[in-house]
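Here it is: the structure, laid out below.
Per-chain residue numbering starts at 1, and chain names A, B and C are given in the order in which the chains are listed.
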Amino acid sequence: MRLREIAKLIDAECIGDPDYPIEGLASVDYAGPDQICYAESAKLAGQVEQAGAGATVVGPDFPELAGRNLLRVEKPKLAFLRIMESFAEVPACDGVHPQAYVAETAQLGEQVSIGPNATVLGDSRIGNRSRIEGGAYIGKGVTIGEDCRIEANATLLDGVSLGDRCIIHAGAVIGGDGFGFEWLGDHHHKVPQLGSVAIEDDVEIGCNACVDRATLGETRVGAGSKLDNLVQVAHNDTLGRHVIMAGQSGLAGSVTLGNGVVIAGQAAVSDHVTLGDGVQVGGQAGVTQDSDPAEKLWGTPARPIRRVFKEQAATARLPELIRTVKAQEKELAKLRRRLDELSGQAENK
Amino acid sequence: MRLREIAKLIDAECIGDPDYPIEGLASVDYAGPDQICYAESAKLAGQVEQAGAGATVVGPDFPELAGRNLLRVEKPKLAFLRIMESFAEVPACDGVHPQAYVAETAQLGEQVSIGPNATVLGDSRIGNRSRIEGGAYIGKGVTIGEDCRIEANATLLDGVSLGDRCIIHAGAVIGGDGFGFEWLGDHHHKVPQLGSVAIEDDVEIGCNACVDRATLGETRVGAGSKLDNLVQVAHNDTLGRHVIMAGQSGLAGSVTLGNGVVIAGQAAVSDHVTLGDGVQVGGQAGVTQDSDPAEKLWGTPARPIRRVFKEQAATARLPELIRTVKAQEKELAKLRRRLDELSGQAENK
Amino acid sequence: MRLREIAKLIDAECIGDPDYPIEGLASVDYAGPDQICYAESAKLAGQVEQAGAGATVVGPDFPELAGRNLLRVEKPKLAFLRIMESFAEVPACDGVHPQAYVAETAQLGEQVSIGPNATVLGDSRIGNRSRIEGGAYIGKGVTIGEDCRIEANATLLDGVSLGDRCIIHAGAVIGGDGFGFEWLGDHHHKVPQLGSVAIEDDVEIGCNACVDRATLGETRVGAGSKLDNLVQVAHNDTLGRHVIMAGQSGLAGSVTLGNGVVIAGQAAVSDHVTLGDGVQVGGQAGVTQDSDPAEKLWGTPARPIRRVFKEQAATARLPELIRTVKAQEKELAKLRRRLDELSGQAENK
């Protein structure tokens, strides 16, 4: 790509050589002469000057730099995102691979791709332009919307439904049995998990993540939610829209997350807990109680983050505090003795 | 199903219309006119009256409600469990799919099902009525008992053995190498993992969970134990009977868990630790020491839960305590000064 | 194997019957008459005498035991490791299974094995003697070195590269999209993940572990590093050589780990954090800040371990401390009253 083409793509003022060839993208630190990068702020001017990027996307207040190609835009980060998208390969439709298995009663939309060693069982429906990559497994009666990507070796079990533009990453499992047992005096008796999973539009579920089916009814992941790798969503959980769950975080059963909730890495939420819209849960926190909207929680058990900070600061001072209290013990004893003496003297007089 | 059929199934007194048609199950909150639900206690009478369930399974003390179909039994929850089981689909035997690979030396029992793109290597034995779903991998010399379900894309590596009625959920891996290395001065040298894994009867292992093979000997999961999604069991661990490990919990190597131990979500146990029968480990706890039977542990490092509660309560009061001690410092200084003055006066006299 | 053969293998002095037959290996506790074990120290002499091992590898200071076959060497543990390696089965080359899919443009070295239902897409290169087990998925343009093992149902996505002698365990996913989104006012917008993953020589990655591709540039795992099951490595992380990450530990994005860093089970490192060479992070710790080399960290947020121990000890004493401070309050009040009285008396005089 020539620089002028990129400038046109992002509606930028081109400062430097419009015919300069760009072959790829990189961050400021790593960009070479055939790559384009971006600088979020004018403070990076020195770094851009020294770095070897072929071109840099910059904002309105960024200075011109002698011998450096710049593309000036209003919002460099968003412009760069658009360039990244133009460089992202959109795979052509590969059709159904001869070594895939697709049941006769499965319904495939137009331009669906199904990779080698993938399995699509009966009565499943796959929307237009969706891709089922090699080794992926689509159970019976699964519904997949349009423009979805089911990555290699991912598993969608019977009856699961997906909206449009969802990405289920490699190895993820949607629709496994919820973890439900009833202790019958001498054994844990399996409670049949008869419900399903509904994944709304624009949801992304990370590699080797798990979303279990409901005992009855459904487990639901709201539109636009993004779940990272190795995340656990249990039976009958309900996630609102635009929820974020970072790597290795997990929900116990029957949890309700409002819109825009953010669960940081390795954090967890206990069963039947409800978190209001916009609640943010810090890394490795363990939430055991309901929370009002917009609350920021941390720690196990999770508390409002300000309280946690106070307690942490106080705990850090605890060894010192213990020393102080010990010294006070001695001081008290000393004062008592002096007071005893003084009282004695007073009485003697 | 007619209500009278369900009443017969659970041996219930039918109050209302015995010909009422029921198509499915739901919880009280969500049940519609074609669904049956249950009410654990008479306190839910108001809820049942307002909700739209076609019928409700209730206990002996539950009041009759005008216009509501009730099925009265001794234990509503257990009766409902039986109804759930009757609604759970038992898949018919599908036989060996033409697109599965089964080695010639594999021995299949009667009515075994093997799904598309599944792999069964040599010298494996699969018991009667067991199902290997699509994409699952059964290594060499694996033994699977009767009535087992190996779900889609699950992996049983060479030599692993399973009892009867086990469920290995989608994506789970049984028999991966234990994590064993010896530092030889300039590199971590792999210690061959020559042992195996023995899974006893009625064990359930969750989606994308991992149970590693032993270095020597075997890793063992006792009968009736239930492991949730993304659980980690390491080399040479020994789990007793009826152990519960909730989602994302993990054991380091050579851990021994007694019968009925419960490990809550995201909790962990350090290597070589032994927990007695019935020990309960709270969510996100990190157990670093052996424990007597029936102990309840929480926190990292895990301590008896009562002690943890006390410490947590004390920590919550810590900021206040620091203020108190500071005030005492001042008070002490003041008392000392007053005492000095008083002593001075006394001497002056 | 005869004992004399094992003695020769490890260059040991054979005490006992050189023709004694050995069929397998075990630990001291479990070894039977046809098995060999080892005793790390002379303190185990009593145990060896009572146990039923056919032979025991021992060190220079180990006493002779009547009727017990011993193999005496300088370093018993390492000698035993060598015996274990000799017992570890090295699978013969199986070639390409007829039920595997290998794209025409894939380049296979000599003696490559590709299992049933495995997928190898176009332009991938697989080095000599490497094995791709059943159900594994190798994307487009993947490079795999020599003597690698890609276990069953593992997934290597497009463009990932592996050095020599790497082991990617069952179900692991290398090259999934990094978790990158930009909030555009009304939705989390996916940031294309255009980078790749480079795994250097002698790396082992555990079952169902995940290593994400970089946004730009690459995620790198240094030579000789060993990652356990269910580990998460995020986009743009850089791991040095000989790093250890134990089960269920995880790194957020753009983390840098120096050589020889050890991350214990279920621990995590926040994004953009850099840990110097040899840093050790304790189990379930949450590292939020950079650390100098060789530091030992624990807790959430992680602090130097000595400080954590002090704080833990102090916290354990906290309930007692609160009682002490309360008692001091009373004592202070009492002293104040006595002082008031004394002052009053003094003034009255």
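Note that a contact is a pair of C-beta atoms (placed from the backbone, for glycine too) under 8 Å apart; a residue touches a chain by one contact, two chains touch by 3 or more.
Small disclaimer: the values here were computed from a predicted structure and weren't measured.
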item: Interface numbering overlap (same over half, different under half) for subunit A and subunit B; value: different
item: Cα superposition of subunit A on its sequence copy subunit C - rotation in ° rounded to nearest 5; value: 120
item: Centroid distance [mean C-alpha coordinates] between subunit B and subunit A, Å; value: 24
item: Set of subunit B residues in contact with two or more other chains; value: 117, 135, 153, 171, 208, 230, 248, 266, 284, 315, 318, 321, 325, 328, 332, 335, 339, 342, 346
item: Subunit A partner contacts - residues on subunit C that touch it in the complex; value: 101, 117-119, 121, 135, 137, 139, 153, 155, 157, 171, 173, 176-177, 179, 181-182, 184, 187-192, 194, 208-210, 212, 216-217, 230, 232, 234, 248, 250, 252, 266, 268, 270, 284, 286, 288, 300-301, 307, 310-311, 314-315, 317-318, 321, 324-325, 328, 331-332, 335, 338-339, 342, 345-346
item: Subunit C-touching residues of subunit A, taken from the complex the two chains share; value: 24-27, 30, 77-78, 81, 84-85, 87-88, 97, 99, 115-117, 133-135, 151-153, 167, 169-171, 202, 204, 206-208, 224, 226, 228-230, 242, 244, 246-248, 265-266, 283-284, 299, 312, 315-316, 318-319, 321-322, 325, 328-329, 332, 335-336, 339, 342-343, 346
